[in-house]
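First chain A sits with chain B, and in the next complex the same chain sits with chain C.
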Partner chain A sequence: MLEKLNIKYLIRAHTVIGLFCIFLFYISSFFGSITFFLPYVNQWELPSTHIEKTLNYTFNIDNKLNEIINKYKLDEKNIEITPPSFKDPRISISSKDQSTIFLNPNTNEELDTFYENNSIAEFINEIHFGENIPLIGTFLMGLSSTAILFLILSGIILFISNKKKRKQNQTPKRFWFKWHRNLGLIVIPFLLIFTITGAFIGMMLNTSTIFSLNATDYKESNLRKLVSPILFKQKDNLEKNEINTQMLDLSILYKKAQENYENLEIKKINIYNYNKENSQIVFSGYLRDNRALSGNINRVNITLNSINAQVLSKTYLEQTHGIKQTLSAFYFLHFMPDETIGVRVLFFVLGVLLLISLVFGYLLWAQKKLHNINDFRLSNFINRVMLTIVLASFTCVGFLFFTHYLINNEFLQKDLFIKGMFYILFFILLFYSFFENRVSKIVKVNLYLSSVFFFFSAFIHGFQTKMFIWDSYAKNIDVIFYVDLILILSSIILFFTAKKISLNFMSNFNYDRGLKC
Partner chain B sequence: MLRKLFFLNIIFLTFCFSHQLENTVLNILSIDEKTIKIEVLELRTKKEIFSNQVKIISSKSGEILNEFLLSKEKQYINIPQKEYTVLVKVGDILIYKKDSFYESFFMFVCIFIFFISIVIYLFRIKIYEKLNNN
Partner chain C sequence: MINKFYLYLNEPKTKIGWVHGFLACIGSAVIAYLTMALISSIINADYAFKIIPSMIGTPILICIISFWLLFCKSYFEIIKKILYIMSLLLFMFFIKGFFYA
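== the complex of A and B ==
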């Protein structure tokens, strides 16, 4: 199909571009695979979300709403209520720029969340998007996604053109190559979704300044400021009204909204001009039969008169802007905001296969370089850095879980300490990787350390929250139980993997590979 | 090449620790010897915001010295006798004056370890390079 020379160039380009983006893309994919479970991690790290499931629970805060609004002097112009969901079992009540109040959905009791923060989830997300490197981080991640698009295309072309050869010459392929190719081919559809959306979010949105300046005769550089009033137009606050009128109970209005918009899964409730004569209530969410197009960016809604429950307006998907629908689909494919555990597990497995394929791809190049004496210094350096990135990602994530409950929430610098220690651990592991000759030992140390961190994080969580894995099981708090269980299982798997690794494991990557001493 | 990587790493770490994602600013203004003013501003519009939960805690023991809902009247408070920290909850984010010492400390430690790592690497590799060449 392709000439020999072209194939040679294509292989070269595939290798060079692959090497250029593999470090960033591995980090992004590794932490991205964990972000599939971020809603559950989020619950694990916030003690106020450890809420027992009660039977026949119905969302009802009729007797509490007024008390909360008065007590915290919430801005009556627009009060936002988030009902419990699989992402957060608490009820949240807030208004713009004020403290958010969280309630236990079973008892409607206020929860003390003053010192709580979701440091693990936020930090993992930051690393995934490259936000920990401001200005250029997200752009770099977007750039590596774009490069991966090229790698997918060139990979497919190389696979097709190699197929002919394989028929002529049935020689066994090397292990790394075989699995890099096979796993790479399996994850192509999954990878395409995430690289296209990732490139869009990371690169296009970050380089939009040029287009904004061009469109506004150099007056405005922020694209969001230009498109927000059109695409993300928020409902304006209602006219001020001084006449107090008791609005209907929220539960009645909620029921009415469900009756009038059966296909709507309510995710958010906004009350405008609370308990005033012209009060309105907006129920927004996604369509049960079209989650992708009515995702976070393009929610549909129904507006009721809060006083008499009369339907004032309804937005249908067809009425929404085409660009909003496209954006919604893009964001849905990348973030899966409304998908529950099934799709997340499937995507996580595909994410793991992608990571293995990336590592094998790297090993292919590294193995070629092993016999080149001129590259000894550089190739060893890159090998050790790559080894640290691959293994330290596990160890450092384990460390994040471990330190989250080890450091008290009241300690104000907790967030910074966790990040600081995360980076320090990474550099200590890099130091060890440079120092140690035998690769097998580096792998073992990393796996043992990760195993210890994962195991103890489940128990430190138990000590601090007084909810050990057996308590969450007995109380039916599924999310906490499963997160603890996965932490312990990961720990056991990592421990036995470390134990199984022989001293000769990948010995050709040792510094003294050519020596018999 | 290694030297360049080392400096790149310094830039990376400086960026990592200097990165802030906050949308609000907390100002604690001294009015006179006995009074301070707590001011919370929205970063973009510089508009003052109110009705946030405020806690004034002892910097050493963490004991709560005062607790109230921020309003125009309660913005001015007497300076506590103990060393204190002002905490304000905006949305579900806790705002307080951050101590930059820890950032510099962590940055220094990371850079130091990385520097030592490269030195160690160069020592190790020199030995094996010679042996392998022979």
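== the complex of A and C ==
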């Protein structure tokens, strides 16, 4: 058991480090929790993905493939086809350095995606990774992940060390402390996954030069140059062949691949030397019984001869590089590329618990500082910044959804304009929180604003795409219906929460509390 | 003067201060990076095996070392620990360089 002095040291370190990284980590966790639903948000913001899932919803482009390749003059050396999935219901066809062509899987009609962009999904991801802060953003996010790792370990030690004492002293604990501790303990396994992977992605990838130089005896500093040929090696293009030979239909080859690799869930198809004598087709994806190790970084595949469907090669999980498997598990745990709604909802709930725990942890410190008259100005300043970060995150996300369909897609620089408006709104809310005395009023204004944004975003989406929530329900377009429904439900919850908040809510954090002192 | 400074460094602290915390943070980061960089240079395998595990291990090692440094009672103790470990690591770098040259 730790000495009393060490516990004292640990409590102080836990508080100070927590206070330093809570702002960044709250932002990262808040936007990270939304990124669990990014595939669905992505579909909501792209009208071309509003596709009905019919009984004949099959992947068969045999009659269309040749037409597309000839029409768009795709590079026959390597044509990439992505079948429809829960992330994107469209079929995409592309080749190197050429724009992607999207097809409706029901009718095989080409979809017009020229003016579409996924600004919300990209921007939320950017903020989550800290990419919106130039040069040092991702590093800072990684650094705060490392700090959270320290906080997890110190929290566990403090919990174990104080256990005995807690049993002896039956005095009632403060509300903030109790819930900060309890929720923190619940989310530890979840948080460990994300802090270790987050620290690796954010901090370590930015400081990999040290390791690259040491591993190469100071000859090479670029990690990518060293590791890419081992981990991300692509299949080379086949030798040029001028003899034209009709390849088998894609549907036949697809079926053959499934027969020969039953456990493989096909996510991508690459046709090499299309309709040439030596044409090959590679079906790659993840293993149904091992999604983690065969994730985005470590896909397994089967290669067929496109002319006679003969199996040329198969990669098994055991044959893949150990580090590729590790990284695949890492990325799987952080990004969940192949997981559908169930796990995403579970992780989202844990994310919300983490956010509440972080806020309660902050309040624990803020509550203590209330009685310190010397720190009055500083603690009030930090309180208002934290209040804005916690509440304006909701408002600004609502604003992102609201403006996405409000501003026409044809408007050039739409992305830049939305980002600019996002930051302007954030700073207006920050100034307002400094200006307004009563905390309850700041909370109310933020919640009402977010409620309005969420509510109208669902209806503006309906006006622009001609697909209101009742249309998506009638047409069985599940994802769009549920996203609209969640936007409206969030709006209602936020509205009633704002209505319920009394004027005395957290009144001890008002400015005039200081005047009374 | 030197004696006074020595006494100041050896004075046991009842409350952790900014210097103590700063030394623990910087010290743990430097030691963890040096240790993992040394491991990267020693392992005899392909670059993926040499580099990636070290990169995964560094943040975890930073946290562990920071606890070890945090529990020092005086500045002198914490500086001593950092310097000892760093000298040991640099000596091992030297040995490694000497044998691989």
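Heads up, the rule we're going with is that the second predicted complex is superposed on the first by the 504 of 517 C-alpha atoms of A that agree within 3 Å, B and C clash if a C-alpha of one lies under 4 Å from a C-alpha of the other, contacts with A are read in each partner's own complex, and residues count from 1 in each chain.
Convention: a contact is a pair of C-beta atoms (placed from the backbone, for glycine too) under 8 Å apart; a residue touches a chain by one contact, two chains touch by 3 or more.
Just so it is clear, the model here is predicted, and its values are computed rather than measured.
Participant: Quick one: is A:V16 in contact with chain B, with chain C, with both, or with neither? Answer first, second, both or neither.
Facilitator: second
Participant: Between chain B (first) and chain C (second), which, if any, makes contact with A:T113: first, second, both or neither?
Facilitator: first
Participant: Does the superposition put A:I210 against chain B (first), chain C (second), both, or neither?
Facilitator: Once the two structures are laid over each other on A, A:I210 reaches chain C alone.
Participant: Report for A:L312: first if it touches chain B alone, second if chain C alone, otherwise both or neither.
Facilitator: In the superposition, A:L312 contacts neither chain B nor chain C.
Participant: Is A:V343 touching anything from chain B or chain C once the two structures are fitted on A? First, second, both or neither.
Facilitator: Touch status of A:V343: no partner.
Participant: Touch test for A:K8: chain B only (first), chain C only (second), both, or neither?
Facilitator: A:K8: touches chain C, not chain B.
Participant: Name the contact category of A:L153: first (chain B only), second (chain C only), both, or neither.
Facilitator: A:L153: touches chain C, not chain B.
Participant: Given the touch rule stated above, what does A:I492 touch, chain B (first), chain C (second), both, or neither?
Facilitator: neither
Participant: Going by the contact rule set out above, which residues of chain B touch chain A in the complex?
Facilitator: My answer: residues 1-2, 12-13, 15-19, 21, 24, 42, 49-53, 55, 62, 69, 71, 85, 87, 89-94, 96, 98-99, 102-103, 105-106, 109-110, 113-114, 116-118, 120-121, 124-125, 128-129, 131-133.
Participant: Which residues of chain A touch chain B once you look at their complex with the stated criterion?
Facilitator: 72-75, 92, 94-95, 97-100, 102, 113-117, 131-135, 137, 373, 376-378, 380-381, 384, 410, 412-413, 416-417, 419-421, 423-424, 427-428, 430-431, 434-435, 437, 511-515, 517
Participant: Would you pull the chain C residues touching chain A in the complex into a rising list?
Facilitator: 14-16, 20-21, 24, 33, 36-38, 40-41, 43, 46-56, 58-60, 62-63, 66-67, 70-71, 73, 100
Participant: Along chain A, where are the residues that touch chain C in the complex?
Facilitator: Residues of chain A touching chain C: 2, 5-6, 8-10, 12-13, 16, 142, 145-146, 149-150, 153-154, 157, 195-196, 199-200, 203-205, 207-208, 210-212, 214-217, 223, 226-227, 230-231, 321-324, 326-327, 330.
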